[in-house]
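Following this message is one structure expressed as structure tokens.
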């Protein structure tokens, strides 16, 4: 049962991911992105990580994607002209994509040697990797320093944005 | 297998009940506001206009379905569906009655240990439907309406989330059922110790559902109809139903988190006499109370302006919610020590 | 203004609109809060108004041209259709102008009844203003409360004239007939209930935080600017100019009644609201004085059936509910006026819209249109 | 017509009301006496101010279309006529100077109204007074719309009540239903009207 759900969710996620890249309208891309994120939330759920799934929906869909759409609807594109590109960026893109694919395949085959999953299995089986207690303990225990650094970074980003926006306003 | 059957039956019952409730909420609104405004409200269809919502629904279904030629058709069709879907999905996690309610089958569809989080998360996805509708219409009033709406919902979600953190701390759980049980155990409903959070929550809830005095996204005197200006027929009805379903959701959460859900008031005094009343009746009464307050507010207050609304959200409600959260956690910490 | 002109031609959908810069929004002529068929073209930066242009004329019926082809008496009913919310005032202004031109003396009794009816019309107009203004700002209950009282006034009009909206209440020289029995009682009954009802509206609005937030410091206009732009009526008095034609140039018998002229201080929407509310109370005061003092006598003067005023020209204006309503009539000695010019207060008041709106939000535009109390029938004529 | 018939009826029945005094003989226009502003203005702007009359307690000045801005500025600043209550035009097709423009100004200080009348010929341009009284903006547009009189230096001289692409000027005396803008009606309303029979096609 869990396997069927896993595979169908994965397929949905991949299809939506392709739609994100391929659709011509930015809003459709954003909607497809929501599909990807929802599929991921489903994947978290079968890992017994309800909290992470909820946060995924709340932050990524309810927050970030909505902000994307906010910005997109502010800029009303008529249509994005699909023109032949002369910068040859697609070459670089294909090369890097192939490299990434090779990497993924390699780790999928040989990954177990690098990441010893067995060590973490206790957490998964006990009461879920992503329950609130576990996330809280890990976040405020082992990783408190990186967490605090990340928050400071975000704060700095917020202040920076406000400052930039304000300066622009003064110019007007 | 029996488990699956029970769940399906519950889904059908609750869906039917909520759909009917939403339809009759429109009737209630027209009647209540009508009487507040010294008029009668609907009187023609059925006894005292009781069949009015059904007539309205029929009318909306058979109306011409207009899709603006310059719109993004797929998105235009999808937007109200997203809105509607998420408004109704939320009811999965709302306990209408206790675990022993519904004749022993449990008065809810599912009790997830992060139920409240899921409700908030799913409700936040509904915004996508609104902004999508405004954008896909390719018209200026809907666009302005949807931009307003998103800004408003995102800002009030923050204060709302922080406000319900207080009761969560008191209950020690995100499960809706556990929160009610914690209130039963504590012997006092959470709106007493968390009165600040309660008020913040309800104000934010009114704003979240785009209702007066925060009905700016659809302020008919400024933006004609806001994000659903271009919608007609059943697509409009979906938006409409979603809005009213959201009203019931907000009321239901308030009833569960702050007013003890399916619990009876003053069980020590009233318990012996009123124990025959099932829990979902109490729950429905509490929800009704909040819905009535909604309508009362609508009949009384003028509408805020957009910048004032944002100022209230960010400058008053948010700091207040944070302060409430801090105080609550310090008190809990102190009591535990 | 070039952009404004162009919006007729460009198709919004094909145009690349960067909403982060400026957005041209077309408000009306079909819009819930433009009070008729006013079209306002707004240029917005986010939600702030950067530029604004009024497009009027959707209700232009050519009343001035029509009245050149009709006799003096026959043109009168057309004037009711200008400011259809206070038809009585329009009628009075026109009739008085003709009376002034032809030199007709109106008997005292007719004057008193005219005063009562016009003051009732003032209350009715202000009630409708309050109703729609409050509805624009979102207070929908006040709307229905005001209509309840307006209904009473319309009943009185129906009793006296037989019509409710476009009453054609007066004739040159006086009244078409004496007031019916029960008129005094109906008016007194209405005056009895009015103060309580006004305090009911005030309970809902005057100290309401949201109402204050929406109306205070919105659409501020200084007295100098107000005079320069030609504001009259309550909109001018809201800025603190104590000027009322009923006191400055008394017509009918207004010099025999005691009443105050309420004025505002800040010239904002809230002050204009208070001024109009107080005006309703003052109008009631005038009505009560007049109804007690109706003198005996004729209800009309003797006027020849075919009225041929002497050659000449006359401008006469009265204090209509919305401001100075004036008629400029030229007679060439024949049975028809040579030229009739209507100076409607709304036409001039609406000019102030641009000045009052710039820098405010879209929502304020709605409030300011409401506070100017315009009627498109009078603007477009 | 109807009235004339009525009159005849009442004459026949012998119940004719006493004949109204011959109105034609009544002259409403009186000479101005003791009006301070008039004497001052007459002195200061002798070449502009042609005449002054008094009709039913109302003063009217007659001026020439020359240098009117100075004249009005003087009225506003020195004589405190601070509001332009109305501005309109009158069409006299038979006269040599076809149009008359009427300024209706008011003083809040003196509580006094003043009408200023100025005759102009067809095609003659008038200096705008919207610099002096901003309220003149729309009325001047209306006069342009209705009479086709152009105002020099007007900030925004467009049609105001009629559509922008309308051609005729309806308040001129020679305008009637027959010569309204048929092309416009056809273009915008899809109506083609036969001018003589009144048939709509």
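Here the chain labels run A, B, C and D in written order, and each chain numbers its own residues starting at 1.
Rule of thumb we're sticking to: contacts are C-beta pairs under 8 Å (C-beta built on N, C-alpha and C of every residue); 3 or more make two chains touch, one makes a residue touch a chain.
Just so we're clear, the structure is a prediction, and the values are computed from it rather than from any experiment.
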Taking all protein C-alpha atoms shown, work out their mean, then name the chain whose own C-alpha mean is nearest to it. C
Label of the chain whose CA centroid is most distant from the centroid of subunit B: D
Subunit B-subunit C separation of Cα centroids, rounded to whole Å: 43
How many Å are there between the centre of subunit C and the centre of subunit D, using C-alpha atoms for each centre? 23
Round to the nearest whole Å and give the separation of the Cα centres of subunit B and subunit D. 62
Between subunit A and subunit C, what's the gap in Å when you average each chain's C-alpha atoms? 61
For subunit B, residue numbers touching 2 or more other chains are 143, 147
Residue numbers in subunit C touching 2 or more other chains? 13, 19
Touching residues of subunit C toward subunit B in the complex: what are they? 12-13, 19, 23, 25-26, 31-33, 47, 134-141, 144-145, 148, 204-205, 208, 210-211, 213-214, 361-366
So in the complex, which bits of subunit B are touching subunit A? 72, 74-75, 78, 112-114, 117-118, 120-122, 124-125, 127-128, 131-132, 134-136, 143, 146-147, 150-151, 154, 157, 174
Of all residues in subunit D, which touch subunit C in the complex? 3-4, 6-7, 10, 17, 20, 23-24, 26-29, 55-56, 58, 60, 82-86, 88, 90-91, 102, 104, 108, 111, 113, 115, 133-135, 137-139, 156, 159-164, 170-171, 175
Which residues of subunit B touch subunit C in their complex? 33, 36-39, 70, 138-141, 143-144, 147-148, 212-213, 215-216, 219-224, 298-308
With touch defined as at the start, can you tell me which subunit C residues reach subunit D in the complex? 1, 5, 56-57, 60, 62, 64-65, 71, 100-101, 103, 227-230, 232, 241, 243, 248-249, 302, 304-306, 308-315, 317, 324, 326, 328, 330, 333, 335, 338-339, 341, 343, 347-348, 350-351, 380-381
